[in-house]
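First chain A sits with chain B, and in the next complex the same chain sits with chain C.
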Partner chain A sequence: MAEYKKQYYPGKSKISENRKNLLDPEYELEKQREVSDEDVALILGHRAPGEAYKSVHPPLEEMQEPDCPIRELVEPTEGAKAGDRVRYTQFTDSMYFAPATPYVRAWMMHNRYRGVDTGTLSGRWIVEARERDVEQMTKDLLESEVYEPALCSMRGATVHGHSLRLLENGLMFDMLRRTELGEDGNVYYVKNQIGEPLDKKISVGKPLTEDERKEKTTIFRKDGIGIRSDEEVVQFVQRIHRSRSMAGYQLKI
Partner chain B sequence: MTNSTEITGSTIQVEIIPQRLLGADSTERILDTLSEIGGVTRIAIQGPRLPYTIPYGPAKGVPVNNPDRREITVGGIVFELKINLGRILLELGDKDAFGTIKETLNEIMPCRFSIKRGKFFKERMTTSDYAKYGVIKDKRVLGLVDPRSNEIYELGSK
Partner chain C sequence: MAGVEKRFVEALSKKFEEDPKGKVMKHVGMGIEQSERKMEFKKWGDKITKERGISGYDPMLHLGGIPLGQRVLMPYKPSTTETYCEGDDLHFVNNAAMQQFWDDIRRTTIVGLDTAHNVLERRLGKEVTPETINEYMHIINHAMPGAAVVQEHMVETHPGLVDDCYVKVFTGDDELADEIEDQYLIDINKLFPEDQAKQLKEAIGKSLWQAVHIPTTVVRTCDGGTTKRWSAMQISMAMIDAYHLCAGEAAVADFAYAAKHAAALDMASILPARRARGPNEPGGLQFGLLGDIIQANRIHPDDPARASLEVVAAGVMLYDQIWLGSYMSGGVGFTQYATAAYTDDILDDFTYYGVDYINKKYGGIAEAPATMDTVLDVGTEVTLYALEQYDDYPTLLEDHFGGSQRAGVGAAGTAISCSLATGHAQAGLSGWYLHMLLHKEKHGRLGFYGYDLQDQCGSTNTFSIRGDEGEPLELRGPNYPNYAMNVGHQGEYAGISAAAHYAVGDGYVLNPLVKVAFADPSLKFDYSRVREEYAKGALREFSPAGERSLIIPAK
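Right after this comes the complex of A and B.
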């Protein structure tokens, strides 16, 4: 039998290449900034930095859990091993050439992480997982090329803004003003993801230039690279659409 | 029923859409300049609302403290700006004012913008207007009030 190499996403355009990179777990995401564990915990707002993770009591090792072949087969994640509670993180990506889109983020989660429950809406993307896993994922996302300080934002509630024009200073509109552009050109979180003020400002670095954004984006746009310019992507979308319409994915019918 | 354009004697209406959502400083500067141009009879602004407190979610009720939500002065009138400016509607009493406005905006607008003539203000009272305000006596305010606002405007007979 012929060996197939996973393609992850169809097409040959720059956007397809970028999507392939994000979806491929073998591809190492480019690290662009440093955000400390403490700062991640502050933005998430689920626990105070340094506070112990709230986990099941008594600890899982002391519990007499029933025999389960699946548990023996599957190696638990760090959070699952510790019996952490389930928490969430949520991101919004602007339509103006953000490096990620909610759908890409969801695909990315399924390919790169285990033990996640991810949800996609038109303008936001949410993932639920065990608390320490959520913190690790958030840190990875904030520090890597998936995040653009002006065009992506952590928004646990009131996500409105992804399809609006950008603000005068280039940031995505945020009703709760969680981020602000500092005089040094860096973007700072001044509130946590649900809008409660933080005691300190957390820097997430400088926004990219227009050219860099267009180079890194995973969004097909008419004023950038249009989806119709990539024939293979159009064929893929049409095939999915047809299959879905004809048989609701149950192709045996 | 007489319509508002008849009352103000004008049929020239203008819509200005900036490419960015403008903050309080730019909004104040632009609106103040526009109000000083002769021939502008009515100005309406639209844009996404900036709440005073967080309206819903786990942090409901926490003050937002948005620096763009503040009092601004336009043509000597002080009022609280509650939005980021996304769209300006003007009604002109003077045809020549259009050219002046275009030139002025080219100088003061901090970003690119589009400007066009058309019909943008409503002419007649709607049922919602009647339910909310009663009979509006001064027809000039039609299209200037926010139909979604819960604030009571002392405009009508209610």
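Right after this comes the complex of A and C.
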């Protein structure tokens, strides 16, 4: 019997390939920029850099928990071990060829991280986890190919912008103007994700070119790669719909 | 179809005052000064704060004091009208037509007269003739608004406050209808196209029914559960007067029982305790029944798409803006979801694309077989067309700036097309869920968590019709388990179920009595022109009932 090989996403298009890459934990995300731990904490806005993590329970090793086979099976995350409180990170992705979409981010979380509670909406994607775990995930997401400085943005509230036309400087609209385009071509955070002003500007690098965006994007668009061109994806969805309909109650329509 | 002008282009051009295909947002940072309505709100907020000494509306309270309007506060065009209004004008609090839309339903009960007439003739030996019926109608139209007909020294309601209250009758019996005074008759022959009238009269038969509309003020002060009680009390009194009965004799209890229970029809059924609403409240109004309340198929019998879109407009306003948005949730956000389905001719464009596709491929409306293959074919094509419009027109994407708006409208266009293709509501519903699955894959996003939930599992119960597993779509309603929580679905479901029946020329969707009762031109709200009425409300040109100026100080 042939060895089962996980197929993370159907289809043969570049979009499908990109989705497969992001969903596959064996695929190493391409690092595109450096954002320091201190800057990640500043953008998140949950604690000041260097400040101790607030905890909701003592470290697990001090808690003398009863024997439990599940506890033996599941290795706690670093944040859980330490008893960190649960905090969040939230991103908005433009529909104009951002590298990620909310569902792709959620699927990524499930495949690549543990101890996460992720939620998808159309205009934002959120993940909640223990605070130091959130910081690590945020750093991974900000530094890698999942992030595009002009088209992705950390927004805790007032997230409006994912579906809007881009501004004349190429940035995604943000009512609270958390990021700005510097004269050096880099995008800077000037407010944290909830919209509070930062004491310093934090660079997240230069936007990609249009060609680079289309190479990295995970959204099917007619002016990029349309979903009609990836018949396997369409047929796969149709198959799911037909199977669920028919298998459910076997009516012969 | 290629080369066909998009119906939404005109609205987009006027809304944004830019090329609707432009990809760059040029106008930013204008604030509320761009909006006449927001400025009006601010002025009133300042005035109220000063007069009452408690702070009120203050548009500078977003984080950092940044007001709304950092991008274009676009106006909206109720679809098929020439009216442009501000989004605020489509919140039901700001729109008297929307309020009256619901008031006119909530204050309506349909009560049969046959039971009462049987009691009169068989039990009491009284004679019932067209003359006595007309005399009864004269009396009930005095009594129903809150006037006395039996006792002395009674308080009564001011006629000027309850002028929207009246009773009319209808029947499938042409001979009897001819004997009823015109002022009291809902004339099926005059109001409906011939084939619809024939179906309705056959369904109603020789029975005689009253369409009772109690005062708007009463249901606003009490609730929908009051309607039947108020009506039954006045009907009993009118019977006593019209047929010269003893006020205390046991037969009177039969009139009350018939008017409250045996021969009374609610517009909406009572809800379980956890939703805590009585009859004639929106959560119990079945989707199929809304297709009967709305009268656009009577006005546009050859355009079932148009008629279905009016049902959607009715449904999203009632179920999203009023029911989920206020009864169940509170707040103002739901209006944005709902308006997407009845403004800017967008859903119209998607739906008529489907109609063109059906006509070309299957040779006409309701000509396609009701099979999964049809659903996959029509559903996929209309879905991809709709979603590609958001790619082609950036201002369209900006108009429907929330994924739930796009999902609801795209799925509605898809599902109505499937209903129209097959004449089968369940096939339409199947198209809805197919759209949702495809939409999620194309955009990598859909609505919000809860919004998506019912659409991820909807395919499996589409064809479930047993009571504990599902139901025919016409019989489902806002309290159907999976549907009870999410905006952007219920009104569309009403349109989908209606579309199947309009497609095959049915005279009614679920109940012929409701169809006829709401055809009455004396109603304050015109249910054949839902979007036009909303537009009148937005322009502040709609005159509602529920007048109070007669009993309050002049301003």
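Quick notes on this one:
Everything that follows uses one rule, which is that the second predicted complex is superposed on the first by the 236 of 253 C-alpha atoms of A that agree within 3 Å, B and C clash if a C-alpha of one lies under 4 Å from a C-alpha of the other, contacts with A are read in each partner's own complex, and residues count from 1 in each chain.
Operating definition for what follows: a contact is a pair of C-beta atoms (placed from the backbone, for glycine too) under 8 Å apart; a residue touches a chain by one contact, two chains touch by 3 or more.
Just so we're clear, the structure is a prediction, and the values are computed from it rather than from any experiment.
Bringing the complexes onto one copy of chain A puts chain B in a clash with chain C. Of the two partner chains placed around the shared chain by superposition, chain B and chain C are both touched by A:Leu176.
Shared-chain residue A:Ile194: touches chain B and chain C both. In the superposition on chain A, contact is made by A:Thr158 with both chain B and chain C.
Counting residues of chain A touched by each partner, chain B versus chain C, the larger count belongs to C. In the superposed model, A:Leu166 lies in contact with both chain B and chain C.
By the touch criterion defined above, A:Thr101 reaches chain C but does not reach chain B.
By the document's definition of touching, of the two partners only chain C reaches A:Phe220; chain B does not. Annotation: chain C segment clashing with chain B after superposition, chosen from 4-12, 58-66 or 238-246, is 58-66.
Taken together, the two complexes place residues 157-158, 160, 164-168, 173, 175-177, 194-197 of chain A in contact with chain B and also with chain C.
On chain A, the positions that touch chain B within their shared complex are 156-158, 160, 164-169, 173, 175-177, 194-197. Per the touch definition, chain B reaches chain A in the complex via residues 18-23, 26, 48-51, 54-59, 62, 64-67, 84, 86, 110-111.
Against chain C, the residues of chain A that register as touching in their complex are 95-96, 100-104, 119-123, 157-158, 160, 162-168, 173, 175-177, 194-197, 218-223, 226-228, 233-234, 237-238, 240-242, 244-249, 251, 253. Looking at the complex, you find that chain C touches chain A at residues 22-26, 28, 62-64, 66, 70-71, 370-372, 376, 380, 384, 387-388, 390-392, 394-395, 397-398, 400-404, 406-407, 424, 426-427, 430, 433-434, 437-438, 440-449, 452, 459-464, 469-470.
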